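Note that chain A is present in both complexes that follow, paired respectively with chain B and with chain C.
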Partner chain A sequence: MGEGAWKLAVPLGLAQFSFFLAPLLLLAATSFATDENFSQFSVQAWLDVLGDSFHLGAVLNTLRLGALAVLATMLLAVPLALLHMVAGPGLKKIILLAAVLPLLTSVVVRTFAWIVILGREGVINTALLSTGIVSSPVALLQTEPGLILALTQIEMPLMLLPLIAALARIDPSLLDASSALGASLFRTLRKVVLPLALPGLLAGATLVFASAATAFISQSVIGGGRLAYLPALVWQQAMVVFNWPLAAAMALTLMGSVLAVAAALSALARGAQA
Partner chain B sequence: MTDLSRRTVLGATLGLAGAALLPGRPARAAGSMTAAVYPGGWDEALRAVLSPALKQAHGVDVAYEPLFAVDQIAKARAARGTAPFDVFVLDPGPRVSGIDLGLFEPFDPARLPNRDKLPAGYADTVGAGVAAQVVGIAYNPKKLAKPAGWRDLFKPEYASRLGLTGFGTTFGTISLIEMAKVFGGSESDVEPLFVELRKILPQVAAVAQPAAMAGLFQQGQIDVMYTNTYTVTLLKSRGVDIDFAVPETGAAAFGTTMHIAKGSKNIDAAYQYIDTMISTPVQAALSQAPYFFVPVNTGVTPGADVPVKSLDELKNFVSHDWSKINPLRARWIDRFNREMAK
Partner chain C sequence: MMRLAARDRPLALLILALAAIGLLVLAGPVLIVLLTSFTTSQALRFPPPGLTLRWYAELFDATRSAQIHRAALNSLAVAACTAAIATALATAAALAISRSRATWARFAEGAFLAPLVLPGIAYGLATLMFFSWLRLPPSFLLLVAGHAIIATPFALRTVGASAAGLDPALLESSASLGASPWRTFRRVILPLILPGVAAGGFLSFVSSLDNVPVSLFLSSAGTDMLPIRLWGMMESALDVRVAAASGVLVAVAFLLLVVMDRAVGLVRRMAG
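Right, the complex of A and B next:
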């Protein structure tokens, strides 16, 4: 790379500074301000977030939702990605198309579709009632399991695509070698395929976690008002209550905790690659 | 390839891209303005009735920005003096916030040629009343008997089908206050409401954001909710089984007002917009199907399905003092979150 190569990064660097870093610093300042002109500062907003059991509960709920969405997408994506690895070209295309399809519909439409599916008179309940499996509608909408079910579909591409890419990079001769040396299919999977797919799996986990933990529309529409998650509280404090310091402190708490989990996952990924 | 030719290509490309963007932007000539409007029924109604009338009478083009009242205040406040739109449309609570925060231009009713058609006091130094809203109970007549009042919502057969929403909106706030009153509370004391809510909470069908309520009703997740008559007529026009019930303690009514945003560059157009809004033809069209607006123009006879037959009747509706409610609302919103959390 030439001497002045860094100059190529200047336009993006400037844009990132003025449109991302500067507003972020302003947000941080807002969380300590007691008025709009930043004339006085206090740590009250932070005490209200970190010293309050309801708000701390919302932080933990949000992280837990992200973690459960990661587990659920992983559980479904791993077998599907393995199938993609061994499938013929026709089936490969179908799996990829099915994986990308959710990305092509708007999040609002997807979320509303889940109301139609999960609702009291929705597809699932109608099916369960008509087959006589249950006698009264099962509560799915506005429950954590219902929300995780919806997020699993919504976030699936973010897990599946990195995983498929990681599996595609595995040299097929490694699998042949493993079986020639007497390893069972399961042992090959456990000792060869999964360790090599780990970076893809962790990349997917990071993306799904960050996206599910901050999925404002899905959380508020499918989750409802009885499940407290940070994104909806941030919106409410900023837009309805006008308590900007509290909203800013909550937003930074959300960002900080999501970043911490993402950093931990990427550290794991580096460890896996080393 | 020389540097120059690369630059020429780049410049030409950028020029083309810029030119492609231009026609998409509305012309910012003297005859154009931006108005905030409530999403949903209001948005549809004003685009269909007010926009063409304004264009015809004054040659002014209006672009709408769909925002709930609180969002308009939040946006104007965040803009710090640069008006994000020219005209607000607000409920009484956000109206008081807007006055307190100094978000409105001083308003001169004399600049509305149609001001004589408004009842006394409907146009003042901050803005003009353009419609009224009536809040009560909406229910599915195929699933539930007509509820007699707010107290009925706490009976098991209604509670298990009830959709709750908090103090985030005007209709939510006044409905919850009316419920609190039934149980011995008042405009400044909603504690009795929380006591009763705690009893029914495990059975309640849904607790949701205000914007999600209509969808939940349409999908049969909830069969009873509190809302304004506009939501009821809009859903009805879409074929949803929904009826409006006036509670025995009276439906609550409040005025909807328009205000000119501080720092607006289109003040003349903004006055023309508000004046056209209160004009007889526009008010008459808005009071008919499928909009059923409560007219403020004294020359207009409301359509058959409008919940208020005359403005005199409006005086019999329950009204609220928002200068008392506003300071308490942040605490109520927070309290509602905590009470509802599982």
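Right, the complex of A and C next:
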């Protein structure tokens, strides 16, 4: 591979230009169009999204869902990644398999699993009823807590894998040294492990946020119709109502918020490394 | 294992407990789906009142589940084409950018990975608008094009990691011995990066098979896709065949995972 190696990037560049950049530019143009020939333009669709309390509420709902999914996956993935760091080879393999297998099973299957778990006759209600904690089934499907619980599993591999990769670079003897010098476990975790794990944590947070905020199937099947999230509204406006400018404006709002969060997190990651 | 002082035990126990819950939350649902697929009940009751293969029999029945079979075949065909295209594009691009320290290469890498963080639903809608603006009706090829854009970054990451480890001296000596660039690629480069290429092909195949956002907007009656069909079955009447279909998908994913892990160390590659 000599001087001309850059030419090998041309096919992918062309494919991305024609099938990625061009459609996104057309999406942006459509959000300002008033008819399909693009003969006139208006900002009506944007006023409908950003000036309307229902649509604005859906934007905030979606962002909050992404943030809560990040916190919930962190709560379980950080301890699991710490366990992976100190575990023997057998347990390490089990944790990795448990992290990778859900990633390879269709998101539809993972969503379906949570219908079985959260349903009126599902795992949680059966357990609660048989232990006498509640006397009638609790509504979990079509609620936000139920959806967050489901997203915790559905998105956890995206948090766990970058964390495991980041912690794998920590030399275990550092931990022994820290405790030999009299630091408590809490202090060791905060002063030694956390700074080194931070890039993985932020990478995981970005992926989980982006994925949870746009998880159309999980949101619509587990969240149901009463909870308004942007992806379902985009789909409705595009495929049922056929208001394409509004659908485009909402899709771009979703895209803008996700990219803003991703940019903020990556700025944090750079700041942490500097 | 670290030795723990007495004062550290509560925190260590808390971490261990949360890790155990994490493992249960990760693996539990997969096992629950498998068990549910053998239920004798018409409802999704758990634990199942009895066990039967009835739903699998219905799922594999050629006439009663014809629509599901057609959707599954469409999905497999699109995934195969997507994986071939995504892997070829990603391998070429990875060879160009992974060993270059130039600014354009860093920029290109960022641009090539962009589809990973972009909300799929926005991109799916964009492809629908773009293709209908071009007056192209929904088709197999358009689905492949949309899927390939989403799948290529997965392949680019694994191939890029392999290509970054290539020893430049090997390539230079191959060239100085008179080998053409193509011969150097076939005989020197490809054998060395093959595990990364295979892992990339596998991940892009799975990404396409699982794709919802693009298929949601681009599939039609003629090109029904499996995830969209299963979503329809979950949203409308409750159909326990979804459990059997899920069981098949879990079993296939597990088998592929074991095979790919033996062959190319897939699990290690996915953990960075």
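In this text, the second predicted complex is superposed on the first by the 267 of 274 C-alpha atoms of A that agree within 3 Å, B and C clash if a C-alpha of one lies under 4 Å from a C-alpha of the other, contacts with A are read in each partner's own complex, and residues count from 1 in each chain.
One rule holds in what follows: contacts are C-beta pairs under 8 Å (C-beta built on N, C-alpha and C of every residue); 3 or more make two chains touch, one makes a residue touch a chain.
Only a predicted model underlies this, so the values are computations on that prediction, with no experimental measurement involved.
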First (chain B), second (chain C), both or neither touched by A:Ala269: neither
Touching partner for A:Arg110 - first (chain B), second (chain C), both, neither: second
Touched partner set for A:Ala228, first chain B, second chain C, both or neither: first
First, second, both or neither for A:Gly57, with chain B first and chain C second: first
Touched partner set for A:Leu97, first chain B, second chain C, both or neither: second
Touching partner for A:Ala247 - first (chain B), second (chain C), both, neither: second
Partner chain(s) touched by A:Met239 [first = chain B, second = chain C, both, neither]: both
Partner, of chain C and chain B, that touches more residues belonging to chain A: C
First, second, both or neither for A:Gln142, with chain B first and chain C second: first
Touched partner set for A:Ala22, first chain B, second chain C, both or neither: second
Footprint overlap on chain A, comparing chain B with chain C: 36, 112, 115-116, 119, 121-122, 220-221, 238-239
Interfacial residue positions of chain A with respect to chain B in the complex: 36, 54, 57, 112, 115-116, 119-122, 141-142, 220-221, 224-228, 232-233, 236, 238-243
Chain B - residues contacting chain A, complex: 70-71, 73-74, 77, 80, 97, 164-166, 168, 205-209, 212, 215-216, 219-221, 329-330, 333-334, 337-338, 340-342
Residue ranges of chain A touching chain C (in the complex, touch as defined): 1-2, 5-9, 11-13, 15-16, 19-20, 22-24, 26-27, 30, 36, 75-80, 82-83, 86, 93-117, 119, 121-123, 126, 152-153, 156-157, 160-162, 164-166, 168, 172, 175-176, 179, 184-186, 206-207, 210, 213-214, 216-217, 220-221, 230-231, 234-235, 238-239, 244, 247-248, 251-252, 254-255, 258-259, 262
Of chain C, residues touching chain A in the complex: 1-5, 7-8, 11-12, 14-19, 21-23, 25-30, 32-33, 36, 43-47, 88-90, 92-93, 95-97, 99-100, 104-105, 108, 111-112, 114-123, 125-130, 133, 145-146, 148-149, 152, 156, 171, 175, 181, 184, 189, 206, 209-210, 212-213, 216-217, 226-227, 230-231, 234-235, 242-243, 246, 249-250, 253-254, 256-257, 266-268, 270-272
